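By letter and in written order, the chains are A, B, C, D, E and F; residue numbering begins at 1 in each of them.
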């Protein structure tokens, strides 16, 4: 019964890409740990670039450089 | 000083329902563990159905079946 | 398919108390939002008092006052 | 390689304030623990006041009092 | 710069299995979204079975059935 | 009423260092956003190096290089 939370910046991930992430992570947990996919949850959080920082700067600023 | 994070799919929970969740969880922590409600936090995250997967599929897809 | 994360300080919550939290939160989500208990997850994190701060002080320090 | 998640209510924090939070937390981790800022992540989540509870009431209700 | 948090019950995942999870999730994010692996973080939390509930019961109880 | 979660690898942060993190983050939120320190929570999670990955490798492996 794993729970996976994927956090990415909100920069246009499509529905199809998000489905591939959900499928890929679930398959990985089945393959590596023998987990039951029926009780494997995946939540994707898309975060505004103003709200994500790395190296002390927001991604909004980093994207301008 | 408990902290509770409730994550649900964004499918129309009303303000009144969210208040009942906040009140109910807070009361539970007071009752079971004797916690102080004044420093009990509850945060509800509503997640798009495209962004929540179970069994390797998004809830958007599951809702269609 | 809700996911609930309860974070409390590690100060001796018993197995029985944790079961009551799990049961109580699950029942609340069924009652308020009509969620399916079979896919309702609850995770309890117990945090050392050195690692939890409130008002700028660790709970370890606050417990001494 | 620290990861910091700051959760605040969505009540008008500006881009400039969020940059100050990102910069301030990163500097703190460098100063206190000698962490590498290049691999220090900060994510700010802004939560609707309906979805944040304290003392068993939503912040929306508390703001009216 | 994705951040992934995988939560599983603490039931003997080996170091080698955890490495495969870290590698597999990172590769997936590179492949699906073109993310930079150098700034892709994966954190695995192993949760005691007393502290994980599903269907209103702890995993400790479910494992006995 | 902010909530801050700081995640670092478990590599010997002292109680005094953790107190400085708690104090520093709380002061930052007061200074930048005018938040009330009495309802500002900080939780520090220390994660085993086997359980933290970056660039597709665990920190345990990275520390050997």
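General observations
One rule holds for everything that comes next: a residue touches a chain if its C-beta (ideal position, glycine included) is under 8 Å from a C-beta of that chain, and two chains touch if they have at least 3 such contacts.
Note that the structure is a prediction, hence the values are computed from the model and not measured.
Touching subunit B and subunit E at once are the following chains: A, C, D, F. The fewest steps needed to get from subunit C to subunit F, moving only between touching chains, is 1. Both subunit C and subunit E are touched by A, F. Across the assembly, the mean Cα position most removed from that of subunit A is the one of C.
A rotation of 180 degrees, rounded to a multiple of 5, brings the CA atoms of subunit A into register with those of subunit C.
A centroid comparison over C-alpha atoms places D as the chain most distant from subunit E.
Note: centroid distance subunit A to subunit D, computed from Cα atoms, is 20 Å. Rounded to whole angstrom units, the spacing between the C-alpha centres of subunit B and subunit C is 13.
Subunit D and subunit E have CA centres that are 25 Å apart. Each of residues 1, 3, 7, 21, 25, 39, 41, 43, 52, 54 in subunit D touches at least two other chains. Judged by the touch criterion defined above, the protein chains form a pattern that is neither an open path, a ring nor a star, and not fully connected either.
Chain pairs that touch one another, listed by label: A-B, A-C, A-D, A-E, B-C, B-D, B-F, C-E, C-F, D-E, D-F, E-F. Per the touch definition, subunit C reaches subunit A in the complex via residues 1, 3, 39, 41, 43. Interface residues of subunit F, counted against subunit E in their complex, comprise 7, 47, 50-58, 60-61.
Residue ranges on subunit A touching subunit E, taken from their complex, read 1-9, 13, 17, 20-21, 24-25, 28-29, 31-33, 35, 39, 52, 54, 59.
On the side of subunit D, the complex with subunit A involves touching residues 15, 18-19, 21-23, 25-27, 37-46.
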